[in-house]
Amino acid sequence: MSSLLTRVKLKQIEKAIEEEKRIDQRTLSDYRIFTIEQGVIQKAEGSAKIFLGKTEVLVGIKVEKGTPYPDTPNNGVMTVNAELVPLASSKFEPGPPGEQAIELARIVDRGIRESEAIDTEKLCIVPGKQVFIVFVDIYVLNHDGNLIDASAMAAVSALMNTKMPNYEIVDDEIVIKQGYSPLPLKDHPVTVTIGKINDKLIVDPGLEEEEVMDSRISIAFTDDGRICAMQKGGSGYFTTKQVSEAMKLAQSTAETQRKKLKW
Amino acid sequence: MNEKPKKLINKKGLRLDGRKPDELRPVKLKVGILPNADGSAYIEHGKNKILAGAFGPREMHPKHLQRADRMVLRCRYHMAPFSVPERKSPAPSRRENELSKVIRDALLPSLFVENYPRTGVDLYIEVLQADGGTRCASITAASLALADAGLPMRDLIVACAAGKVDNKIALDLMDTEDKIGAADVPVAYMPNLNAVTLLQMDGKLSPKEFDEAIKMAIEGCKKIYDIQKEALKTKYKIIEQEEVEE
Amino acid sequence: MNEKPKKLINKKGLRLDGRKPDELRPVKLKVGILPNADGSAYIEHGKNKILAGAFGPREMHPKHLQRADRMVLRCRYHMAPFSVPERKSPAPSRRENELSKVIRDALLPSLFVENYPRTGVDLYIEVLQADGGTRCASITAASLALADAGLPMRDLIVACAAGKVDNKIALDLMDTEDKIGAADVPVAYMPNLNAVTLLQMDGKLSPKEFDEAIKMAIEGCKKIYDIQKEALKTKYKIIEQEEVEE
Amino acid sequence: MSSLLTRVKLKQIEKAIEEEKRIDQRTLSDYRIFTIEQGVIQKAEGSAKIFLGKTEVLVGIKVEKGTPYPDTPNNGVMTVNAELVPLASSKFEPGPPGEQAIELARIVDRGIRESEAIDTEKLCIVPGKQVFIVFVDIYVLNHDGNLIDASAMAAVSALMNTKMPNYEIVDDEIVIKQGYSPLPLKDHPVTVTIGKINDKLIVDPGLEEEEVMDSRISIAFTDDGRICAMQKGGSGYFTTKQVSEAMKLAQSTAETQRKKLKW
Amino acid sequence: MSSLLTRVKLKQIEKAIEEEKRIDQRTLSDYRIFTIEQGVIQKAEGSAKIFLGKTEVLVGIKVEKGTPYPDTPNNGVMTVNAELVPLASSKFEPGPPGEQAIELARIVDRGIRESEAIDTEKLCIVPGKQVFIVFVDIYVLNHDGNLIDASAMAAVSALMNTKMPNYEIVDDEIVIKQGYSPLPLKDHPVTVTIGKINDKLIVDPGLEEEEVMDSRISIAFTDDGRICAMQKGGSGYFTTKQVSEAMKLAQSTAETQRKKLKW
Amino acid sequence: MNEKPKKLINKKGLRLDGRKPDELRPVKLKVGILPNADGSAYIEHGKNKILAGAFGPREMHPKHLQRADRMVLRCRYHMAPFSVPERKSPAPSRRENELSKVIRDALLPSLFVENYPRTGVDLYIEVLQADGGTRCASITAASLALADAGLPMRDLIVACAAGKVDNKIALDLMDTEDKIGAADVPVAYMPNLNAVTLLQMDGKLSPKEFDEAIKMAIEGCKKIYDIQKEALKTKYKIIEQEEVEE
């Protein structure tokens, strides 16, 4: 899109929002249609691919043995990494994760970690010595806006799809047995992102909307409706009133989304 | 997480360091303490000790990062290796990278970036000692450093957190409370505009508890805001005096 | 190498997955599946799942990499961390670096690079799942991505390997066969020009066995070439239809 | 060499090749004269320096104790690294190995590994716990073309020059004894590179020939004449007929080379 | 300072030095006033901050458990790192330590190491297995010249301020006991830097003097007046006579400094 | 440090390799041995084997490193992985980085940098085998490489160390003496100007011992200087002959 075309498009978006409409015909509080497919990567212990509009994110889960952190000897470990794969957008470049990828990974990480979604105590093999490490790798394959929600949904879906090997402990050594069990989960956080354009709040911003957006706020909710993670982003601000509105909007959206997700 | 399940609030309703739930830690601010920076500030917030230095606005290098229609703010939040109980490698961690970004996003709303096209401001934040709440204390100091560099502003940005300890909402958690506590909500704020410029959360809070926490955090911000303004005035008083003496 | 000395070909002459020695794994190709890339393709070759996306021809950055007399092709072959049994670090390995180079060398002979001076094309290949023969499957998909980006070509490049398992030359080794087998010969090929554009080998083969292997690999290439052309047509059919519908 | 001079030179090369001649008076199938000196680095466990024309490559071998790979607990480890030292050419730059150096190392690695030149089972000290690691470091000191063959020859020569410490196993611990033994070798691969210029095949391309060369193919042969590694390089192609011709040319050249090398 | 202003200033410095004066009224052999504050970082095992003129350097010491070097199984380990923090000067850039920072760290390291200031044998916990590692982190907060001396003084002050945990060895395992002991020190090296401008020697060069300075020499002295480290820097030279003069000047300055430091 | 407390000087006053305390190791120098470099030299100093190659003066890249008033010298001292008893990682260590800087500082005083504004010279030093005193041997060779590149010079730079072994000042320590010995003083020197261009020290020396050491080192420098000049002449003799022969 040329610079002039961009500017025209952005004006259109702003004008539409002004009239409480959006360029793709959604209302301000509409979420885009999404589809999730689980188990797309058979070689991973778990995986899920989401399409949210044209945004496409693949999450793969690997479960491997490792050592626990010294301060949590009885708990397995989770680590989240995000790659903005360069084929997903001409704005992504190869190389180690930049600021945007790191923020994305850490927001998804917090949603899962703070909701205590994974029962990490059940991932302990030998206390203080050996635990399971759950690697959550977010792979953005096409960028069409709202990577945060798409990645968070794909990550939880992938965890729900994850199996880990059965094992026994014989003489302090792990012996792998036949079969698999599902990864033990205790919660299923849903993350909703609200954008702000010219003092209007919109749900699930698309790529072009992100370009005119002042700022955004992403909120993760637990199964029982509590807030477990939050992140404001962008170079603008929210008044305290807007924070309350965004919170309510996110809350009701999360409930709707949870139903659609059947979590 | 629950390594040491101590009581964080005693029977008298006081916290480990004797504070009441809605009480701030002591905050000290100094402006203009780095001779080579264009603007600088130093904060002691509880046991946190943090320096912020700003360079610019100046021509932006490398050129491909210049923006024809605005000033670019670059921000680096960095912890000294000796600032925490276990020595931290000086290479920036993912946490430091994320905080650099959210701090930048928290400060930008106060600036008139469109007035300084093609320029850049480099903001360096060095945490010399950390004791919980470094991102908030960093923002409070960094905003002063930007003001000290002579950048016009919509308002100063001030930041403070509130959280949940022993099932109670409490202001300005220190490290132990943050680690053992149930939730933490850092907030950055422009009082004049009633504008929230940073908002994060971890832990679990009901929407009602969250409401209470953000309100308490904003009250904290307002108190620190007075100290901020005083620090700025003091610096300019001293400068005025110096000019008179000359 | 000889970790699990199983039989790779059974008494009926069939392989672990039931294939005959000269039988390909199933190959599926889709063109134009990445909305943001200028050209793209997706391949499933056996259990390999690979995406290729091309950006360009566009002005080459950084400028010192521009060539006054030709287009520059940059190529990155990269494996997703979850694509293999043990999680792979996302940082590119030496193997990935070498494959990026040989894949680029395999694709260049099809392009009229002299027609696009000072420009660059960036080709990104992402292996989402790996099961032996990823370099060949990557080339097959990448050539389609370049075609989809509108680059004129001498011919499509198609790739396939042949190798030696249980003392027999066999087509298109999957991972287990590749690891236990005695040799692997990946070949990239332009059928119209009878031109070999990639040729590697590891393992041990007599010159006669090598001859047999390369011939078998080229036969495999020709079969996949038909699927490639079909995929390209399908994409353009769909587009034509869309245009009619509008 | 200025750009104009270069172009004139390149024209000369092409013209000569057209007439089945080469600018240094070689025939198309002539290999340049080479000399190899072993043991040039006394502090290394093995070393060899080759001059191939003006191309100069030094290979040093270090043998150290380390742990085996989990999937080959009874085998020692070999690792090959190549440095295109910046004093060897104005085109080489300091810094971590780039694409060209990595490809070079990996071609040499494959020739040695796939021919099973090193008897890695004899490098096992305590199965699964301790083995010898053989570090092959290729150091390119002057670049005058055909680094692949020069490096491969120097690497095998250096391995043939390598001694490893005698040792005993006492209570599962390694005890170093007096004296040294030669590194156990089972094969001695010879690598030959064929270049293609204007549809003519040439043996052992020199630096200026490499600049006009369409493409190259490098083939490694075992003691008993089998092929153990192969790599096509360059932005051109070989017809299937040219592949066969190159194979025959490489094969006969490898036999001649092996005699000269006295391997 | 603009380029023109700089040149004028530099001329002034040179002219002043010519007349055996300095722009800040010091004599050629005057050291700037300095103040040192110890224990400024309570969370570190030791720390000290120095102001030398407007140069400000903070050194923090961390003491952690680790493994000894194989060739010194009975000795603790010291490691020195220097960060030229970018807020200290517009010439410092973020990123891994460059040449200047590495040289600074290594000069300070040599002064401490070669004087055997730290009694590393007393830092051994279990020979060959566990020792204390002393991390000396130099943090330059404002650059106004002579970072070498300022950093060296702050580092030794910080070591003198360092406490390490009391411990017992029970069954080859370390058990931390209550209380702390001071880090065992055997020496207190003083480092003095002499600059050369137009063949005149000056003590403790300031930032602007460094810009016109030909070269410098830094010399560290032990408690008993022996030389324990030395480093010439800068793109100029010292005649042998100037080396002797610099040595004497450094020696007498070190004695004066040692008195002021009360070491 | 005192791992093997052997005697370094025997009853006859001779050192481990039979040298007298003030005796140099054998030094061999060759000039112009790298065909692709603009200037080059090779030194064998005892068991040290070191190559130096210089490229330039040429236009300096990247441009922001150019200096309008002078030539820029870049210098890289690097050790081959096989040059030392335990394999060294090829990535430059902090020691190598420091030595690159002090070697550059040692060579600069000989050059007329102001005569070549905007240009750069890249100097690469490769230690192929190390046996104590590599920085001095590197400087001796590197200065020849610069001369061979045709750079006018105030004088050649020559370097040599002296140190203290078994309580005696001794010339030109080899590795074992350096490791076990009490001190080492490397010196670089321009004989014509009586100018010291590198001076470092580690270990402990009284001021008197230091005086003795630096004098001895300079005597060593002067001897090597003769070999240096001879090597330069030899190269030019050969060239003259070649020109005659043509």
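The chains carry the letters A, B, C, D, E and F, assigned in the order they are written, with residues numbered from 1 in each.
Going forward, contacts are C-beta pairs under 8 Å (C-beta built on N, C-alpha and C of every residue); 3 or more make two chains touch, one makes a residue touch a chain.
For clarity, every value in this text was computed on a predicted model and none was experimentally measured.
Any chain that touches chain C and also touches chain D would be listed here, but there is none.
Traced through touching neighbours, the fewest hops from chain A to chain E number 2.
Each chain gets a centre from the mean of its Cα atoms; for chain A and chain F, those two points are 58 Å apart.
Averaged C-alpha coordinates put the centre of chain D at 32 Å from the centre of chain F.
Taken as a contact graph, with one node per protein chain and an edge wherever two chains touch, the assembly forms a single closed ring in which every chain touches exactly two others. Remark: ring traversal beginning at chain A, heading first to chain C, gives the chain order A, C, D, F, E, B.
The part of chain B that touches chain E in the complex is made up of residues 34-37, 40, 47, 49, 51-53, 55, 76, 78, 80-87, 90-91, 122, 124, 126, 128-131. On chain C, the positions that touch chain D within their shared complex are 1, 3, 94-95, 97-98, 100-102, 105-106, 108-109, 113, 185, 190, 193-207, 210-211, 214, 218. The residues of chain D lying in touch with chain F in their complex are 40-44, 47, 54, 58, 60-62, 64, 81, 83, 85-90, 94, 96-97, 135, 137, 139, 141-144. On chain D, the positions that touch chain C within their shared complex are 71-72, 99-100, 102-103, 105-106, 110, 113-115, 215, 217, 222, 225-244, 247, 251.
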